[in-house]
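Both of the next two complexes hold chain A, though its partner changes from chain B to chain C.
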Partner chain A sequence: MRLKKQSLVPWCFLAIPLTMYAIWVVIPVFQSMLFSFTHRDSIMIETRFVGFANFIRLFADPQFHLALKNNFVWLLCFVCIPIPVGLAVALLFNLDFGGNRIFKTLYYIPMTLSFAVIGTIWAWIYQPDFGVLNSFLRAIGLPGLAKQWLGDSRYMTGALVAVGVWRQIPYIMILYIAGLKNIPIELIEAADIDGTSWMQRFRHVVFPLLGPSTIMAVTISIIDSLRSFDIIYVLTNTKARAAEVLASYMYSSAFHYQDYGYGSAIAVMQFLITFLFIVFYVNNSLKNEIQR
Partner chain B sequence: MKSKRHVRILQRIFFYGIGILLIAASLFPIVFAVFTAFKSMDEIMADPYMWKPPVTWVFSNFRQVWSSVGMSMYVKNTFIITIPSVAGALLVSSLGAFALAFYSFKLNRTVLMIFIGGMLIPFQMLLIPVYRFSDAAGLINSYHGVILFHIAFQLGFCTFFLRNFMKHIPFSLIEAPRIDGASDFTIWLKIILPLCVSSFAALSVLEFTWIWNDLLWSLILLQRDALKPVTLGLANMQGQFITNYNMVAAGSIIAAVPPLIMFLLFQKYFISGLTVGAEKG
Partner chain C sequence: MKKFMVFAIICVFCVSTLFAQGVKESAKQELIINSYMSDEAPKNAFAAVVAEFERQNPDIAVTVNTTAHEQFKTLLPSWLTSRQAPDVVTWFAGYRMQSFAKRGLLEPINDIFPGGSFEVEFPQSFKGASSYDGNVYFMPQSWYWWAVYYNKAVFNRLGLSIPETWDEFLAVCEVLKRNGVSPIAMGAKETWTVGGWFDYMNSAVNGGEFHQQLTMGEIPYTDPRVRKTFEYLIDLSQRGYFQPNATSYAWQEAATLLFKGEAGMYLMGQFVFDVAPADLKGDIDFFRFPTVNSKEYAVDTPTDGFMIPKNARNKDAAKKFMAFLATAEAQKMFCEPLGRLAANTLVPPLNAEAAKGLEMVKGASFAMQFYDRDAPEEMAAKGMNAIIDALQNPARLDAILAALEADRVRIYAE
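Coming up: the complex of A and B.
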């Protein structure tokens, strides 16, 4: 950053990108905040300012509580499962054996598929009569465990989260593999040289060195868990109320019930929960900047 | 020495054994979809278990889903949306990234933070305003509306990515032509853009996959079936042809192939792109 004294030039370059970003991203954020204080339904053309009424309604709305609770399940599972599993997979596939690159590639494939594709396939896996999961459970002699995975409100969220987690693990693996590149291979290899066990070496050397990757993985997982929408849309068409999360509840409020003010209030809640993590991510990614 | 070799062999068994199990856990749904896509409906009715490979491999499902169910239209629509969106996002973000990487001005860091922060915003925060704006501007049910949105939204990630890349370009490369009297625009076009080709490649692979796989924005902005991309086509198909599993499976494979090919061909770029921001910090 050494070009100075021409304060207008960078703004000329930024004019188009900033204008577009303002129209489709920045201004909408503030508009949504504004809308959350208004009421406007399909019949009324006028928009009315209602203060905190939408939020008061929200806090008393059992559906909102359910969405919040479900989102918390998503968040918890996204942090507790993909991160340790992704790390373990990364450590394994990082070992120096022939074919480890092919393993990484194959393992990563689910992440490249859209939720439309993934949801379509998992809908059959969860199919109650001859779906893979129930057939498997019956085949191994546990027919009692075969459930209506997407039809029973008790299992729905779990079934949806499992799909999300299945797709998230490869992503976390990639983040850790990138982190492992910065650590000398001898520290990671399991070969026992100086008498310390593999576990000790992992705890005291490798894991602390992977700290930055872990921080990023946790932040990204939290943000992703709060953004989950596509899986729920494809697998339940957002009509299964028991599986609703903030993102899908916002969508159905705004676009099925045309309740824009209420929908915006839900979006604002979602935003508030994510906000701290976004700030953390931004700061973290700019922390070790090369200054010039 | 001998025990060390034993350890190595045990490790090898461990590595390949667990590795194969992990790959199986990761790919089994896709393998089942492939099996189903090649089965006839009669075979599925007689034996509905998805994990069994087809007894006779039927290829006509693909032909049928491509022509009569309209998959060809959905695929064409997705290309119409994806290609201009990727190109636009790269071009526009390279302008902003250039400004942020090479000029020192007061709000430089703030602008960068806005771009990075915006890429992580929950989509729901944008849905209603973007819908209303598109409606007022006549952009609902038009490709322009979706493409412009994708370009704008992806600017966050693309600007962040390209700016980080441009920061590594030696400053002397732009100082010399400046002394020779080249304009800032010429420097951007003739010096910086050609140097960014490799990062453009990385970005376009990622962006292609993301935009190809988008569901939500097309759901909001494209309501006419004839305009819908493959993700929505598939979601609709699942509703309409719920019993024709082989058709839906063939459709989902067609929808999955383009991003999959992108990934397999440009894996290196893909991964280096995904970990931007994760390697630092």
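Coming up: the complex of A and C.
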């Protein structure tokens, strides 16, 4: 009886947060899935069941294709740039040198800034006539490279991804710093005594032991790249169609165009794509970890 | 014990004072107004109107919640459906209002007008855009015009005269360009600024009625006449007459180029004066959009005003406020500092600029509200993006128009 009461206690403490999570996260997710099979506006006055019509429209929608393509660019860049750069920076800051803590703090600052601040800073950096970036390019004799970064459809996505990557690197750095601290120093010393080079130690000892951190870093980068919205919103207010991603298209469809059903369909697609990526990657990685 | 007693007495005193204040305040009615007038000048003008209403109605406490214009448009539907809707909201006449009235989200206000009906002090021509299905739901407060604003100092320095035809306009642009002045400012970061260009170019090339039919979804975007309008705009861009990097400038930032003389002209609404420095206002004037194929011209005359949500908590106070806003006195108080035209016909043009605007509007053969007020929001949003896309990628014009047409078929079918 006492054991039964004790096992109930944690659930009592969890009841309120779980209820809130269910109300504000789980139930709305299922509601969105239901809405995706309806035609409804955000005022929710005219609602009718349309089956898969929203999804059929989605697959034929060139704007959806563009959003998907842009999201793929985000995914590729978020996996290929912040992870190796974050790891490199983490390895550097894992060494003991003067000013280590100060540099670590400075590198972490982007993570502490709100997206509104980030948007304001980078809007000025990207300003084509007097922004820092184009002014610098002109000053070093490269005026041809001074582009309309947030106004030209050819460069918009790249410019926005650069901001996202700049913010993501410190996050990955912190993950890897924590992972490096967990590596037993005896293993490193033993490898050193055996006469291995730094690269051999990294390849055969350090990197494999950073497996859990890498899984976490890649998973988070995939999720963050697929749900990227904040940076696009603050820098373009979702008006720049050329930089459209799934999250911004979902927002515009639901709240600007009042097409809640279609916006929900986009949200469902985004969820499915993210879910499939994560399940595939985590499953694969955990299998490799277990085998090791 | 003594310290505890003193502390307790102080607490009781403070709490009772707070409650007393609450009781005093609760004797007043509360009126909540949600407004999109976030620019300084109209915000201050409206605050003065509200202060006067409170002075005349000391039993009503007014709270004005100001939201930035673009965010207001997104939030309004959720406010209108809320069980705790605001009592009064600012909004636009025309289709944008009628779509809410059609869904039963607005309170009829037939009885708030001076003299007992709309037509006594308001123009009959405004009634259509303020009504739906026989009831008036929208109280027009002010209206203004869009025109080509120009820097007089730049024009005088270069010996330019006001162009009346398209060829004359192109000639003026060429002179400005050759003298290092951006001929046309265009802050297209928010995209709606190109809506004015589409309204004026299409009505100049094809006529006002054609443009109205297009915004009502009756003309396909693949029609050769619509293509011609796009070609005129692309031609301006290809000649280098639009300011460089226009899509990186907000409309206010582009206006600064006009005020400083770095741009010669700016197709914009009269509210451009709201952001003009006081010492530079005298350098800015306007002329009507040049004609292309006919001597007749159309004008954009967006009408701003107020509505009462159906779910407003204090409809009595809301109607009292609307009745006050409809009076010539209140409309003059708002329009005078801004140079706008009051909807109430008893208020004459309040300065020379307003009188000139009124004459220009009176001479027009056709009046439009604005692209994103005459057409469904999604259609207008896609149309404006299509214009920017066409200006940046003219070789893709056919594909752009085909995509726009597919959107038109879907949007108007719904």
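Heads up, the rule we're going with is that the second predicted complex is superposed on the first by the 245 of 292 C-alpha atoms of A that agree within 3 Å, B and C clash if a C-alpha of one lies under 4 Å from a C-alpha of the other, contacts with A are read in each partner's own complex, and residues count from 1 in each chain.
In this text, a contact is a pair of C-beta atoms (placed from the backbone, for glycine too) under 8 Å apart; a residue touches a chain by one contact, two chains touch by 3 or more.
Model, not experiment: these values are computed from the prediction.
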- prompt: When the two structures are overlaid on chain A, which partner does A:125 contact: first (chain B), second (chain C), both, or neither?
  reply: first
Query: After superposition on the shared chain, which partner residues are touched by A:255: those of chain B (first), chain C (second), both, or neither?
result: both
Message: For A:179, using the defined touch cut-off, is the partner it touches chain B, chain C, both, or neither? Pick first, second, both or neither.
response: first
Task: Quick one: classify A:18 as touching chain B (first), chain C (second), both or neither.
output: first
Query: A:274 contacts which: chain B (first), chain C (second), both, neither?
result: first
Task: Counting touched residues of chain A, say whether chain B or chain C comes out ahead.
output: B
- prompt: Between chain B (first) and chain C (second), which does A:215 come into contact with in this model arrangement: first, second, both, or neither?
  reply: first
- prompt: On chain A, what residues does chain B touch that chain C touches as well?
  reply: 129, 237, 255
Chain B-touching residues of chain A, taken from the complex the two chains share: 1-4, 6-7, 9-14, 16-18, 20-21, 23-29, 31-32, 35, 89, 92-93, 95, 97, 99-100, 103, 105-110, 112-125, 129-132, 135, 166, 169-171, 174-175, 177-179, 182, 190-191, 212-213, 215-217, 220, 223, 226-227, 229-230, 233-234, 237, 246-247, 250-251, 254-255, 260, 263-264, 266-268, 270-271, 274, 277-279, 281-282, 284-288, 290, 292
- line: In the complex, chain B touches chain A at residues 7, 11-12, 15-16, 18-19, 22-23, 25-30, 32-33, 36, 48-51, 92-93, 95-96, 98-106, 108-109, 111-118, 120-130, 132-133, 148-149, 151-153, 155-156, 159-160, 167, 171, 184, 188, 209, 212-216, 219-220, 230-232, 234-235, 238-239, 245, 248-249, 251-252, 255-256, 259-260, 262-264, 267, 271, 274-275, 277-281
Field: chain A residues within the chain C interface of the complex
entry: 39, 41-46, 57, 62, 126-129, 148-153, 237, 239-242, 252, 255-259
Statement: Listed in rising order, chain C residues that touch chain A in their complex are 70, 73-74, 77-78, 80-81, 103-105, 188-191, 244-248, 377-378, 381, 385, 389, 392-393, 403, 410, 414
